């Protein structure tokens, strides 16, 4: 709780700092605050506690996820000053909104009550609508924001409808009650089916699962790259966390399983296939995020509730997966921004050409992160996928899993295409300028990816 | 006193040594030094063999060198088997080999790559010795393949000529076709008996009942190998082409030694063949057919070496016929005498070619008996020998075969006699056209140097008196060679010829008479020719057919070579080009195309997105509800 | 208060359900079909409010206040959402004078 | 410890090359030194090997999923280690006369792959095996991408994806197998071999496993990546691929299929052997009409591989031993052939045999070397290839005579295309190459080829030196197999 408050207060604080025009202080304050929050969470480690009369429940899972999201936010902030260097004013808002959105994310990792679920999602989303439109005078930015808003609101409606129905069934917003009801009354009633269905639809939207993925490519494409990066990482993690909590507490009743299978298959297929011929890096990353959502769903699919079964493992896997995915993605986005600047604003993946010739180590970092996304051994991405495979097989989803393997192969294709660019010579000489700090961030991501790949327990140690 | 094992080791070691020394020092060796060394080494091998032979006590001695292939219960030693049979072959190989080596010094004197030639010739001798000395099928197979390779190299010795290269390749590949049988037979025998050593294999096989499928299969497969090596139907067309090689090569490899490997192999495994009458019949008739084939085609050849080549083919046919009727000793005897007179014939031919500066067409020869006297006389001796005029060696050996065949199958006998007459005919045609009449060429004939003529003389003597080795009882002989070989080969020991003496006399007399008549006939046609216009046009069909070698080459080209080339081309252009690779690439391209398609769904239109979301949700809803 | 609840309970629950579904569908249809973004936003509001209706009905029938609390939250959040939405819309209007939803098609494929 | 060294030495050398990018000479020297060091190490392992399975190092990695870092070797693994150790110095040495590109980079990549290959052949844990299995691929990917021939980009991607498809299938199977082991799960081969899987599982598991190795070797009809990759890859890359990496397939078959799903293997045996033999003949026939020397060698390699896998799947002592023995012979052969192809390319600037011919007159020594190698290629007795072939045919006949009879034409085909190639390249009269200034094989080239050819003959005359490696292990293996129907 204290951490939650700290973060929201921090947001306000940042706004004030901005008010006093201390642009240079924004990032440091933010970073300090985030570090503080991390510290608070770290102290609250291993101590499950409830808040707001059980509406929020901070257990190992939510703590771990919150920490991971904070860590990624830290990376974003570290890169922030560089990115916003050219932006004259309203920089404070950017940081503040990210922090607010982060609060929503943390709510999603810990909610125990559908009211909190709803609030979490909204608190997470609304700042993002604004952030997506961060470049006031860029049409693409506006369009992205508006699309995101419209589609988001639409999905919210679904979510709410679902919540309402479930409420109608149990007469309470408490997940525990719902779980108990399912356990006792079974899954017969139409209210339950519809309710679960609509809630899942709402969650799937945030996660960017097919068929509710339409916003992902456009918004990722249109939003300012740093925001895209934030969405692709922190928001993703929050969404999967929220999704997991819902599935886990309800203990995967049978209609839910059926929906999830379809979602999983569709997401893996569409996400990977659409990425094949994508040459705009931001959109490529968007599709890649969809496809990874698919793999996370596969893990989720194998969940059979914490009480009954492997919930804890699934949670661990999801955390590992989303965190490593976020690390690699964050690093790549920073690399992308650097390359984009070097090629005056071009966003196609050819902009990476010549990197190996001029900055070999940077290229190697990029390679490592791409391979991680592709799931090649000795990278975290590989271990993550392997865990997912293990879960899926353990839960007996052999065929779905076989399909997943094929899709993973497609995935490798488009990541390798980018990797290939990294190592090709560019037609005309390009100069990539990397500030030490950025280099540090990228290196951090790479090291993280490799370290977690070689020593996976690093994440698995909690709970 | 050198131990027997060491001697046995020396026999193949000396030629090998020659190969290495001459081969690596080929820049330094001249014809004389290199040739001299090579000859000396082979002569040394001959002496060793001779020593071994003299020491030979009629037993079988296994000289075990080391374990070659050992795996689990498989143990294949690298060992030599010293017994009468191998000793006899060693003597032939090294003896004739020595003579031909010496001859080559003169014949190849001016060739720039003479050292290489001798290295390869020595290598051949080495391989041939392994072949005959091996104590098991695999060691024999080493030599078997080795001689094949050497013959490939030596046929294509003048490698700038594509035809020669082709001939070499043809020889090797046809041998390989035979080798398939050889290998399979070895595998079969090994899996049956758990060993490939001759002694135990023959021992165990001897205990088996005759006509059992295993033995028949094995013998047939072995015979396939033999047909390849010994140029029997249907695998014989390589031998005439092999004449592309230098003449000494033709003499050594394609007349005296390598081509008799098949006969050797069958004699080695005579036990098996005695157990498989079916196979024996096949061997007999293949031999007979080949004998006839060679003789007929030989009639129409105008290249002096080609004539001899086909004659070789037909003589080999005789030998197989002998094996077919179980007359192993007769076969071996003919191998021996044939080695003498056919080597002599080739060397004589070589001498003639040498004398005419490379001319090989007998239509451009004639009247050489005055200019090249030694060659002429020796050649005459050989011709008489091969024609089977008593008391020359050929008479005895051929007669042995005929007698046995008559006892076993008169039909085969008739054909063989006919072939014998043809032999006389084409041989004397050759002789007359070459040495009689008047010279039709343009070169300036001159007798060859001593180094070439001396070998001729030696061989002439051998061809003349070689018959003494195995004089049949009817002449009060004791069939020395047969008794010798009987110690080594149960097959020979089991031989028996039950013909009344009178019949035998009759056969010999009649055959000889017919032959003499044939010779006279040949004289009338070819004896006094001064000019020669090729065969008269409008030959009858049969004649044309024979002149074209019974279309055998065409048959192969049509049945094997063309289809194979076609297959190869089309498997590549179709199988790979149209199926395998496109399938892979196609899969990839389709997937990519699909990706392009799916990507286009992202139309950018918000209403459409909203609709899509709703539609998707509804579809999901329906599916989940319906599947419930 | 109780009277209100009893008044609500006069109408059977199904009717509320159906009604709110109808509203929801109308809203959805509008959101899909209308060109003018303002109207689309209104339709979205309509969808949310249909949910509110449902919530209230349920809370009445369950005799549980939670539902009504939720309704307040929904209104709140919806207000915030719309504010943001409108702000963005204003920007769009500035940059491209027009609120036609079909103008939003720069980002595609 | 020395096992770890085998992996670390090349890795260290490669890292040094990557980091400091020394000049060509230094780079090659360093690479050569490290490979020679590893070679000596493998020889030492051979010398000290007592005939049992040695476990050098065993550390927990991720116990939860049965991932353990276990290195060790039995006779079969040792054979493969020897192969890798023996061939890499020569492959590196190739770079002296036939440089590929930036020496430091190329050698670094080669060393990376060597390190990974050592890992593959020493891994005693399926998961570890898989990791090395995939890692060995990545260096080749770059070799191809940077220094491949025409269409290199497309070919690289195709090759990479095709092989990865197999890899993923393997991963899938490993994951499945691991979960079958009693908790706490273990992916150690010992644990997996102890599994007694139900027949129906084995039936499909066989294919998911086999796919990986069939693609690696490659076996018809999974070969379509191979010819063009071998043809277009830089010589050294091709050598690694054909001489060593293909053997991962054979090794994997023995390790996984025989060790873990013997019943399934026995069930599919006939089918797979038929496939392999068809492929062998198919490739042999195709090789005859090739104009591009490298492509011809590629097809000949495929033909040999087909025979080897057929022999392995006979699942009897002769077949398996023969196949494994032949793996070594084939490795040496491939290096020789591709090196000679490289020498010819260096001089004539082409791989097209139609444009060569008549070279023997000007390059007698090269001709001699080529002839000796050809002798090995057509498995003349007393060369390395013969005992292997003899054993393999024994194995095939022992299983089903017709299999041997179908396979035996290979000895003719081999002679046909090899001698034809020899003739087209060296014999006859000079064609378009007449004008070229050609120099005969020089000292360095002899320095590289002669030892290899010497090995061919030494092993051909004393094959037991190699056979005794596989003898005992193969017989242990045979005990696993269900009685054949």
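Chains here go by letter, A, B, C and D, matching the order in which they are written, and residues are numbered from 1 within each.
By our rule, a residue touches a chain if its C-beta (ideal position, glycine included) is under 8 Å from a C-beta of that chain, and two chains touch if they have at least 3 such contacts.
Just so we're clear, the structure is a prediction, and the values are computed from it rather than from any experiment.
When the C-beta pairs in contact are tallied for B-C and for B-D, the bigger tally goes to B-D. Chain centres computed from CA atoms place B at the largest separation from chain A. Per-chain Cα centroids separate chain B from chain C by 99 Å. In this assembly, the C-alpha centroid of chain B lies 37 Å from the C-alpha centroid of chain D. Each chain gets a centre from the mean of its Cα atoms; for chain C and chain D, those two points are 67 Å apart.
We define each chain's centre as the mean of its Cα atoms; on that basis chain A and chain C are separated by 27 Å. Shown for chain B are the residues in touch with two or more other chains, namely 599, 602, 604, 606, 610. Within chain A, the positions touching two or more other chains are listed as 146-147, 150, 154, 217-218. For chain C, the set of residues touching two or more other chains reads 28, 31, 101, 104, 106-109.
Each chain pair that touches appears in this list: A-B, A-C, A-D, B-C, B-D. Chain B contributes residues 599-600, 602-607, 610-611, 614 to its touches with chain C in the complex.
Looking at the complex, you find that chain B touches chain A at residues 591-592, 594-596, 598-599, 601-602, 604, 606, 609-610, 612-613, 615-617, 619-621, 623-625, 627-628. Across the complex, chain C meets chain A through its residues 13, 20, 24, 27-28, 31, 37, 40-41, 44, 47-48, 50-51, 54-55, 57-59, 61-62, 64, 66-67, 69-70, 73-74, 77, 80-81, 84-85, 87-89, 91-92, 95-96, 101, 104, 106-109.
If you check the complex, the residues on chain A that touch chain D are 376-378, 383, 386-387, 389-390, 393-394, 398, 401-402, 405-406, 408-409, 412-413, 416-417, 420, 423, 456-457, 460. Put simply, chain A touches chain B in their complex at residues 146-147, 150-151, 154-155, 158, 193-194, 197, 201, 205, 210-212, 214-215, 217-218, 254-255, 258-259, 262-263, 270, 273-278, 410.
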